[in-house]
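Per-chain numbering from 1; labels A, B and C assigned in written order.
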């Protein structure tokens, strides 16, 4: 069970991280366009379409990866105060009520949308020699399937949490700086406390002698 | 049935507000409610609408600059330049009353502007400047307020991701928004500093002078310190912003150049590594996915809300209040202020603003001006309890004896300064509108 | 007894304030009045349900029951689509294009493209002839085709292919997004359509040179679309009214445009905009570019079939007009030329 769970996490993480590099290509492509446009006075015809596709692919393909790291924004002013078990129970119900229907709709409608575009061999309508657009549209149902799998993993996580009373460990990954700093500070505080407790214990032991 | 049931639309909004509080990822809550209520209204057509709305976010050329600015921010954040920056500004500001607090505010404003990442600035400055102020005998509350309020400025002073999101939501020019937010952003930072300086002058014990050894630094040392930390970052920000505001490049072009510039800067400081690049790339992907998926959810939700006629009900209700433009402005700003207690700025801009925006035209309010007011207002959403990102982050890194109550009461005067700034801006709208009008005509 | 009205949701591809949205509204009002309340067509501006460029998909899939736009917007689906909106400048005008649609075999070719080639579930009515469109709005005067080389320029339809031959970097965006795109620096030059739209969309705020009379879109007409399943389910008389109202508002639109376009061009001049004709050298380059574009795109047999049919019609009809009509400029100058 655990291995399937982590396998899906890894797969989505890997796909998300591969597509994350789109940002570097996007940066380079636009810098190149800037050079052509302002220095050579000869803008490219492809930069607009290509940058849209890189940006779209970047955030779509990172959707499941972000979910696997619990990175989608929640209004958690109540949620964060709950016991993990309460959190997990609520999440579990809401995954079935909200998440899966929405994602299934995304796969279903995304497939039709892509299929029509594929049948027409549709090209981008943003430029005269626009690239084919159906591979870009194909991302929608593909991402839907990735999200579906990741949602199942999250459901299992909820179930484990309800069983064990605490959230299972997520895969280690790079974290926002504030989280790293806050975790370090918390760890240091805990250490300090342990040290003080030890000193106190020692002194009380000594005092009793 | 088309528009047959505006009540269904209002019901959808109420259900959403309730479900929001359960803490499920908002993007998916919005998607599911949009699809469900849309299905009740237009049947199978909702699936097409859903996918078309999703695609329109994928093909939104305004949002391209968001991952680029985020990337630029992560690279700068990881370049370890905050220390040098703070120390150099501290040296240069030594002669000013409350110099450490002023230096903190300047550092925050500058660094936050370049990175646009609030949490990182507050925690980093909480580790660096906050203990320095306490050691120098500064009042705990003032020190806390300065770090929290200063750390949030970056999201207001352009180039700011918040303004891009507002521009994409309201359909107004990001360039004009940047031009309009520029002076008010700088002015708010100035008012924070003026407040600190005045408090320090009235009661020097709140912010004691630094020892003379730290105040009398040779000018050349100061210039060298500034030249190697302050000016490169200012140059990067000014060139990115200048290109956008002067119309030399589009926001996404400037953002791409800015990101490349940030990498060069990090290379120059010898703090760049493949490891840090990877970290920045992955964090950019996750942060972009978070923002853009929220946009997808909201695009579906608001399309269905409009389709059901919910939007029309809200509009008719507000117009029926017979409140005039001033009343409307006050009402909306109060609502946004209150929403800022439990929520963060992303949700407010992407989900709640679209409900008010169509009414701006009716009341004759300039959406650019409204955007700057909203951006100012949302400064408070980081600071106000119960969900106050900045104070909680500071609490997380502060020495143990500093309580969250102390931090909150230190932040309070800064919230009042923001409100005061909003009143001022409302009274003198040209303070915001002068620059865009001058640059781009009426 | 009173029956519940048939409600149809209808979205234009135009911003709320654009005169084109008003034209779409005129059609809707006409239908609602002619059906005596049996049909309620409700009009929404671009973006209310879907963005402008997604209107066709939305109508075909039934999210919208109908819409008002131009065929050139469906350029990504097939370049032949543009021929039914903004065709090559064979010397004909948009009224003569609509003549071809009705009496030159155009409608059959259109239906064949939409329903058989592209398999779209829509019925379309071509309507509303427009006058020649300006070359557009620029920061500096355009004196030769070379001035547009390397320029980020907005147009639509086959005009995009035409200016590609000029060496321009053409970016295609819907009407409501042009001025914001110029604002953002995404475009150096742009055309939309006519003085009334251009004025209200804010072009005079972002550019000070307005070049009139171009061959890139010497003629264009509107397109009213309905979902075919929905349309076929309507009573025969309602179907007939939907078509008849399209013909009726076609003329109303043309007459209203005469009044408003002329007034708004004067208003644009009053804003200090430099209004200039497109120079002969540019027009000549455009005609040569049309040759290349037609030759290239005729590799597609569907495109070739349509454009050949158009050429045949234009040759006869324009030939007739030129032989038949006296010179209007001659008479105009006699009465109105300032001494």
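By our rule, a contact is a pair of C-beta atoms (placed from the backbone, for glycine too) under 8 Å apart; a residue touches a chain by one contact, two chains touch by 3 or more.
Computed from a predicted model, the values in this text were never measured in an experiment.
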> Farthest from subunit B in C-alpha centre terms, which chain would that be?
Replying inline: C
> More C-beta contacts across B-C or across A-C?
Replying inline: B-C
>> Based only on mean CA positions, could you tell me how far subunit A sits from subunit B in angstrom?
In response: 22
>> For subunit B versus subunit C, what separation do you get between their C-alpha means, in angstrom?
In response: 42
>> I'd like to verify one number: the distance from the centre of subunit A to the centre of subunit C, where each centre is the average of its C-alpha atoms, in whole angstrom.
In response: 43
> Residues of subunit C that touch two or more other chains: which are they?
Replying inline: 57, 186
> Which subunit A residues touch at least two other chains?
Replying inline: 48, 113
>> Using the touch definition from the top, which residues of subunit B touch two or more other chains?
In response: 46, 48, 52, 55, 61, 248-249, 253
> Hey, which residues of subunit A end up touching subunit C in the complex?
Replying inline: 37, 40-45, 48, 113, 116, 119-120, 122-130, 133
> For subunit A, which residues are in contact with subunit B within the complex?
Replying inline: 16-17, 19-21, 23-24, 26-27, 30-31, 33-34, 38, 48, 51-52, 55-56, 58-60, 62-63, 65-67, 69, 71-80, 87, 90-91, 94, 97-99, 101-103, 105-106, 108-110, 112-113, 136-137, 139-140, 173-174, 176-179, 181-182, 185-186, 189
> Of all residues in subunit C, which touch subunit A in the complex?
Replying inline: 53, 57, 73-78, 118-119, 149-150, 152, 160-161, 163-164, 169-173, 186
> In the complex formed with subunit A, which residues of subunit B make contact?
Replying inline: 19-29, 31-33, 35-36, 46-48, 50-52, 54-55, 58-59, 61, 63-64, 67-68, 71, 77-78, 117, 119-120, 122-124, 126-127, 248-249, 252-253, 255-257, 259-260, 277-279, 281-294, 342-344, 346-347, 386-387, 393, 396-397, 400
>> Looking at the complex, which residues from subunit C come into contact with subunit B?
In response: 7-9, 42, 47-51, 54, 57-58, 61-63, 65, 180, 183-186, 205-206
